[in-house]
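By written order: A, B, C and D. Residues from 1 in each chain.
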Amino acid sequence: MAEHNGLDGKLMSIGEAVERFVADGSQICVGGFTINRNPMAAVYEIARRRIKDLHLVAHSNGQALDLLVGAGCVRRLDIAYGGNGRFAPTCIRFRKAVERGEVLVEDYTNNMMSLRFLAGALGVPFIPSKSGLGTDVVERSGFPPELRGEKGIPCEKVIVIDDPFGHADDEVVLLPALTPDVSIIHAQQVSTDGTVRIKGLTFADLEQCKASGAVIVTCEEIVPEDYLRLDPDQNALPPFLVDAVVVAPYGAHPTAVRYFYDYDPVHLNHYKAVAKDDEQWAAYLEEWVYGVESWDAYLDKIGGAQLAHIRANTVAGYAPGLDRR
Amino acid sequence: MAEHNGLDGKLMSIGEAVERFVADGSQICVGGFTINRNPMAAVYEIARRRIKDLHLVAHSNGQALDLLVGAGCVRRLDIAYGGNGRFAPTCIRFRKAVERGEVLVEDYTNNMMSLRFLAGALGVPFIPSKSGLGTDVVERSGFPPELRGEKGIPCEKVIVIDDPFGHADDEVVLLPALTPDVSIIHAQQVSTDGTVRIKGLTFADLEQCKASGAVIVTCEEIVPEDYLRLDPDQNALPPFLVDAVVVAPYGAHPTAVRYFYDYDPVHLNHYKAVAKDDEQWAAYLEEWVYGVESWDAYLDKIGGAQLAHIRANTVAGYAPGLDRR
Amino acid sequence: MSKPQKSAAGGAAAAAPGAAAAPVYTPREMMAIAAGRFIKDGDVLFAGTGVAMLAATVAKRIHAPQAHIFFETGGIGPRLEELPMAVADPRVMAFSNLNAGLVEAFSYVANRRLHTIAFLGAAQIDRFGNMNSTVIGDYLHPKVRFSGSGGACDAGSLASGFIVFMQHGVQKFVEKLDYLTTPGWLTGGDSRQHAGYRRGGPIAVVTNLCVLKFDEVTHEMYLAERYEGVTPEHIQENTGFPLDVSRATVAEPPDAEELRILRDEVDPQRLILG
Amino acid sequence: MSKPQKSAAGGAAAAAPGAAAAPVYTPREMMAIAAGRFIKDGDVLFAGTGVAMLAATVAKRIHAPQAHIFFETGGIGPRLEELPMAVADPRVMAFSNLNAGLVEAFSYVANRRLHTIAFLGAAQIDRFGNMNSTVIGDYLHPKVRFSGSGGACDAGSLASGFIVFMQHGVQKFVEKLDYLTTPGWLTGGDSRQHAGYRRGGPIAVVTNLCVLKFDEVTHEMYLAERYEGVTPEHIQENTGFPLDVSRATVAEPPDAEELRILRDEVDPQRLILG
């Protein structure tokens, strides 16, 4: 089989990738979880382009979620958790936006959202779950009835049925599949033929990509096809599921990427401080989003020393001893 | 966290493992697929002990399936495929047993069987599929009605419903979950704390183990806990899902184990030849099953030279140039 | 790194010295130790961040070495040489048994073979251990929005049982939840089973004042152990529904070894101990 | 390694020399080449063992370099430096794009974004391309038992389309299947869509005599291409139902380059070519 450059037509800048695959009103999902492997270079680009009315479908994509909501890009949200671990028990701009009625929220759980992505990946219209029976997660919907039937919004939030294989008291929650327009994930490596390798937890990234109509992968580095083919057990996505590949070193900052860098407590704490105040938040967006021309410029603003501090130890995969308070 | 020997009480001989976890009438499943990573040391042990009336639930576990059926251990069979690739388009003893009415067969498909294991692993009673609509796989059942309701046999083979989230012509096949009594798999490595590593395709091994009431893992070798913890992305099962660990070098012979050995065309062709004739088959069982005291004795009968021929090349993971006709 | 200066006595806000006996410890330390005592060897522990992580780690180092800690993100059995700041912290993927994803992690929560115990927190809890971590006020026009379920509803639904951490107060222990995020014993009695659950339910609520359990028949919350120096009256005053305090004993305080492990080995940076 | 000695002409049993033009080739070689021609660049190919593997590999080396081959076992995009003897052969996991499992592999078959083409065989096929690979005779008391579906029913249900390999004969091309394992066009017309399928269906049947396709409206099988030297009458005689032969052309025979790649690069051991 001849070697061929499988990245032909796929390798592009983050601007081009967002331009081509993310539009006002798109239903999108992002990879990662709270402070890990969020595709932040793509998220900042979406915010910079002031894309709006997104329907973000998320489990717990904390930092990406909060920036997209805080920048006013999101109108609808299927979500399990709007938090960022110890850095923000509730994501701050998310909280304000919901309290102000700026976003419509449909609450699910992490298991439900990952199963909804799985159903989309399997090509089935729904998937059963035993979570949430008798709770308001199942009983109450945040989306108004008039949205039902619109693209990307199921006719019911969930449907509770009696298990047709079971007995009395065997209720099951049916969760509607998710099939977003586009998934954006950040990976450690993409090969020259478009295969994706993720190290560490994959969260629901793989289910998301398989369920989506298009996939953008930002990555720390491009590596030779032969290198990833030497240990195919470690690879996460095949070339035929990847539409755009973007080289974005530190592209998940301020969230962590195993074996490359830890999360950045300095920036996360700064973010937390300014997010609490509307004026300071507007200034943050000017300074870090609209006023930054490129991801390189963003990294220059973070500064070399801080990137050195958070660099991952080769064996541990994070930055041992990093001051995380 | 103190180091502790997590294999205490789990490390045992194949005889002990089978004695403890496999009984007449058990519902069991085996790992691997056709000519790869079938847990043959365990299968020969089950045959040797003349365990009977097993309900084997399988996707395409060719070699293990055929030996268990051929040795008269199996009474009921949920199955997708009774074949062994180019070595046996239809498994020979399986074919004879079905034609003679010695086993009851419920036909599913590979996707259905792997999804049924997945449902069992997820802890949900069923899972939907778009496979098989309008086919006899969905329309016809091989199990008689009087078996319905017995342990391990669902009240219906499948149930076809209209997608409650969908429109007209949105039929969906609901597949009942599988929760076997025991799964037996063969892995390359188990660590001293009971973590399992599988190299190469995992088939449905992981879903099977998560769905089962007990798990036996036979393995090529035991390795230090610290070794498997250095790259946890490559590990397949956590210690808390493993009940018995058996060291069985070449324990999948005559099927292949990536990075250890290829399948054995000599033995598979011999098997194919003798399986066609009832007398020769009886002689095979005497010679290779009942007349063999231990797995070591089995390997001696195969012979050192043949094991050398099938040894896997370090890079390719199989035996390049092996005469496979 | 600040030294602990107050005993467990006196509740969340007050620091009234009530316990005469050494060693001195904070309410948060008492909570971690009290919760850790519920963990049995061999348990499979679904941990979040915060005090839950301390409880699980201390228990594993003291009396439950064969307990397994895992995270909803898919980190299974990490060494935790440093404390994670979130369940997706790269520290939950380092030197672990295996690294997986959410679907797999929740399959372990639900696994019928495993005794899975979850640690959860919430904004509100009711007398049957149902919890709210979604909103205060009207759901469609909330006064306060919280994070939402995350995996809490799932763990409450699927695990063998769960243990709750709460700061005591009438805003938190309420007669009626504003939103039922995580199923406890629902309306008590057999209602959880009739709703379709196969197992699980809250085992205990560990607060800065006391440990609460649930009656085996009615599944109503009652006071099981009050920390030394804390009165039943003080606990009732901080609880928004009537509490049976008749069965209460005084909790065993942390011993020196428990405190040493907690402070020196588990959280030397005092990331969670504060 | 035996040299090919007969042309494609004359059907499965006979080896009557009918084709005058060089190069000489076997029916099996013609089948592999004819099927490979249906593959478009960028297709995602669900391959079994046997002739399907040859067709896919030849196509990829000749006109569809960006086609991706994968196996139901989870081997995605292997280099295939040696031919696998089964879909679980360790050769499908060597130097692949990635190694997964069955659940993942079938999710690729079903993926709405991908143009997935499956290669299937069977014991029986009917005029609508439905197939039987389960039993001959009564299902509950079969005269002959075959392997069963494997992934065939799934590929027939979920893929964008499928191509069938068959040896021609009245026992195989039948009026009524003994068991419907794999859905083709069901009862023709729109019946496949009404049954709940979103896409897919048989594209062509490649036999040792000819290539058959399906009418776009009725979805009935018709003779599209007969191999050189094979008469329509011979094909009809070997088909158990009436066949529209009015649209038939003569198939382009394999050229020297196609045969060279097939014989020297793809199957030098003649494991499948025989």
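Operating definition for what follows: a contact is a pair of C-beta atoms (placed from the backbone, for glycine too) under 8 Å apart; a residue touches a chain by one contact, two chains touch by 3 or more.
Not measured: the values here are computed from a predicted model.
> Please compute the C-alpha centroid of chain B, do the same for chain C, then give the distance between them in whole Å.
Centre separation, chain B to chain C: 41 Å.
> As a quick test, compute the distance in whole Å between the mean CA positions of chain C and chain D.
The computed centroid separation for chain C versus chain D comes out at 59 Å.
> Nearest whole angstrom, what separates the Cα centre of chain A from the Cα centre of chain B?
Their C-alpha centroids are separated by 37 Å.
> For chain B, give me the residues that contact two or more of the other chains.
115, 122-123, 130, 170, 172, 200, 230, 233
> Specify, in ascending order, the residues of chain C that touch 2 or more different other chains.
93, 95, 99, 103, 106, 110, 158
> So that we know how the chains sit together, what is the shape of their touch graph: line, ring, star, complete or other?
other
> Of all possible chain pairs, which ones touch?
Those chain pairs satisfying the definition are A-B, A-C, A-D, B-C, B-D.
> Where on chain C is chain B touching in the complex?
For chain C paired with chain B, touching residues are 44, 60-61, 65-66, 68, 70, 76-80, 93, 95-99, 103, 106-108, 110-114, 158.
> Given the complex with chain C, which residues does chain B contribute to the contact?
1-2, 4, 6, 121-123, 179, 193, 195, 210, 213-214, 226, 228-230, 232-233, 235-241
> Provide the residue numbers of chain B that touch chain A in the complex, in ascending order.
Going by the criterion above, the answer is residues 115, 119, 122-130, 154-156, 159, 161, 163-166, 170, 172, 174, 176-177, 199-200, 230, 233-234, 315.
> Which positions of chain B touch chain D when the two form their complex?
By the definition above, chain B touches chain D via 32-37, 59-60, 62, 79-87, 89-91, 94-95, 98-99, 101, 105, 107-112, 114-115, 118, 130-137, 139-140, 142, 169-172, 200-207, 256, 258, 262-263, 312, 316-318, 320, 324-325.
> Okay, in this complex, where on chain D does chain B touch?
49-50, 72-75, 81-82, 84-95, 99-103, 106, 109-110, 130, 134, 139-154, 157-158, 179-183, 186, 191-198, 269, 271-272
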